[in-house]
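To keep things simple, chains are lettered A, B, C, D, E, F, G and H as they appear, and every chain counts its residues starting from 1.
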């Protein structure tokens, strides 16, 4: 069995690459997927359908185009890793956690100690909370390869 | 038919009361429910099961006790109103939006124009975005009573 | 048991009233619901959330506000009656038929003989095709009251 | 991951081929499926089970045989493209949109500006509205290949 | 809690009445429902939508009209009692058993010892097999009223 | 896409082989599955778990062991062909039809004209009724290969 | 809203009554249900369908008759309280916890500190762990009545 | 079709290996999966996320990390084999049986005669009860390879 892992959340640090590299080192049978992580591309995803004057509709169109991708990948994944960084609102990451919870997909949160309190509802239905990408790799290795 | 409306999100302003009052004025057949909105009670919901030394586990226990309530009410509601205010992370509100989306429950977001961009994924699967409690009342009145 | 009947489709003739009156005459234990049937109100349902310059977004906002109502009522109903008249595209009625089919809700179509061919996919998953409101009343009476 | 794309709706222009060709050019990992697009074959799909004198039953049998195919393909697809052209009722396309909505399958509509108003309910639950096959290809390319 | 009991199957003996009477004697909080049990009415259920020359289509229309009732009642019931008598094919009763199994509704079969072998698949997913209406009443009394 | 076809019902004639051979001739991308069709093996499926004195329990154990196979295959199939022959009760075939209906799996019935009336409920939710294995092959060929 | 609470597990102490009494004192809008808690009645639930010589089949019949009740009540409940005592295997209580988890029903476990280790999987998907009936009452009061 | 078999329960005897070896001998197209069966690794699964002072939280963290694996494997499997040995509480095995029942996954129990009574609820929804690994192999061989 190949495990499909969805990497949700923060797009401004290299946590995804660290997890991917770590899993490769251990030859884990995993396939990774992510939202579009290029900020500008993501914000302008709807522009190819015509420009909008109002910010709301530009954001709306782009968010929906991105949802074609993210909804499909989240529904297909076996496990999601949901990362919260230091900056920005990152409501889309919390949204993904709620989505995973409702459909029963196991997820692991990845965030620092300073975010424990505001993320308590998100952590409540997570199956693990990690503080480093290395810990995520350790868990995946254990979950997938341990006998 | 009585409509069950769940009021999710911000707990520091009186938006809930305004919506409840507005719906009463119009005699709408609605029943409202909410998470526990007393901040201290909510944070200490798990304390009755024994104290914890670590912050993480205190938060964890409380968040789970609160989830007994919120999960049940969200799954029972016909429509959710999800409010984002100016302060705090409010990840639980975005979590609820993701939960509603996955289970197909219609929801209306309530937030100011300044939050359009960070909430674009949350708004993308909402059925309406309102900026004032009065607008929410207007929508509910239309949705429930219009012929 | 009270049966919830959703009356979908055409809004320019009095077919809804005929079915409602007919069921009352027979004292059937039914509760009826419908989309908003006032054309102008329905088209402007989103205006209370602010005006739009582009037709597409005005329609979009209104259609979503209406969906809060129609989605909830269709998911709650036991049987849907889906009416196609002589005029207009009426794609919303066909949309409702597809929605009912996917969620397994029984529905009865109500349309003239001239629409048999273009409605063949819609009729294929209907449990009955009626040509008059009186026939719909007859079926409901039989289905609900016969011993 | 290979994406399964279902191409629903109008059968009288070459929009399917344009999308298929466009995706091939970009080497997208997609598999396309469609309803039977030969009009006569589709209308006579039930004839192999015996002839019918009444038009209604001939249509009914054919529509059901076609449904074996379309239902299976729609339920298996990751994304549906639903095309509305200038002519005919095309209720089957709107039916497919309702079906996709109820089962939570993302879909993109493809139609001209003149159909905005009658398709507003169908567009309300779409994740994108395109006016040309080229735009559909652009979206699929972005959704599937963007990093 | 009131228990909804659906009485499926044979329509030529008075087993339904015996169960209903027995449950009344014990004041069980139950509501019973059944398919239409008048043979002629049931066979002609589709006639009110117009006559058919071919037997197949007359049966087809009637069976579908009856399905509006039976599908709704089976999906709403808490427990089904499925009765097989000595005569006729009674495929509709076995069909109901399969339907209940797939949707996870508990059912009790009611049939004589002579039918054990041909009903083995139907009994395999039943939660009880009774040979008399009195036994069914005993089970319902136990299930609903025992402390 | 490879289509999984489940062949349910009568085990005393060679209808399965005819369908399999016919599909091979046309190189259809199909995989067939069936219940155990050796009558004695099927009746004694539970014997390997110890002998039973009572007929009921022998049948019960065997039916459940067979259900491990049939339930799995029916849930995995894309289309079921359900065959009713001239003899025996064949309640398991009707049970499978009810199961398919409840889970939304398309099925085709295969039976003679003499069984139209007793099978009307089973045919009501079938997507096609065939009288010969050749017709089933024709339908599958059309459904899977037609452009 | 009235909350349906299912009280699963140990039947040899008065924990159920304590919870029921405690909730009554606080006038909580709750309805309680339980499996049959009379040990002998429960073990002999199948006897009314005829006696069995083999212990396995007597247990099997009784367990299935009891399942008509327990399955229905567990699927209907909003929250389950699952109690593990000092004695016996109590596998049915763990079974109920697995059932609740799979269908997404919130549950609270009630057991002593000495059972922490063997119940770790059961507690992992619980939303709270209580050690006394009074704590359960406290949680229910908080969950249902807190503002 | 390859059958996915999940081997749940007791980890102190070699029953898994016997079943795996037996299936290999018969060249059955099966893939096996299991929870982590190394007792110490399993108990310490959460340690890689940081140590805990309280036993409860150490167990809790480990049980959740293990659940990432077991939940995924149980949801993916076609058949589960659930083994109860002579020692320990083994509540996780009964939990898995309840989980399988709620999601409709067929399972076979494997236990001695002395456990018949306490396991009656677990056996009630099993499709077979075996007393030796050899019997499990026999059933799998029959279910998968018999014609």
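Convention: a residue touches a chain if its C-beta (ideal position, glycine included) is under 8 Å from a C-beta of that chain, and two chains touch if they have at least 3 such contacts.
Predicted, not measured: the structure shown is a model, and the values here were computed from it.
Peer 1: For B-C, find its twin among G-H, C-E or A-B: the pair where over half of the contact pairs carry the same residue numbers.
Peer 2: Selected from G-H, C-E or A-B as the counterpart of B-C: C-E.
Peer 1: On Cα atoms, by how many degrees is subunit C rotated relative to subunit E, nearest 5?
Peer 2: 90
Peer 1: From subunit D, which chain is the farthest off, judged by mean CA positions?
Peer 2: Of all the other chains, the one whose centre lies farthest from subunit D is G.
Peer 1: Report the inter-centroid distance (CA atoms only) between subunit E and subunit G in whole Å.
Peer 2: The computed centroid separation for subunit E versus subunit G comes out at 31 Å.
Peer 1: Report, in whole Å, the distance between the mean C-alpha point of subunit D and the mean C-alpha point of subunit G.
Peer 2: A distance of 49 Å separates the two centres.
Peer 1: Using Cα averages as centroids, what's the distance between subunit C and subunit G in whole Å?
Peer 2: 43
Peer 1: Can you pull out the residues of subunit D that are in contact with at least two other chains?
Peer 2: Expected reply: 64, 67, 104, 129.
Peer 1: Using the touch definition up top, name the residues of subunit G that touch subunit B in the complex.
Peer 2: Subunit G reaches subunit B through residues 1, 3, 78-79, 104, 106, 108, 127-131, 135, 138-139, 142-144, 146-147.
Peer 1: For the complex, give me every residue of subunit H touching subunit G.
Peer 2: Subunit H reaches subunit G through residues 55-56, 59-60, 62-64, 66-67, 84, 88-103, 113, 115-125, 129.
Peer 1: Can you check the complex and tell me which residues of subunit C touch subunit B?
Peer 2: Per the touch definition, subunit C meets subunit B at residues 4, 31, 33, 36-38, 41, 45-46, 48-50, 61, 64-69, 71-72, 75-76.
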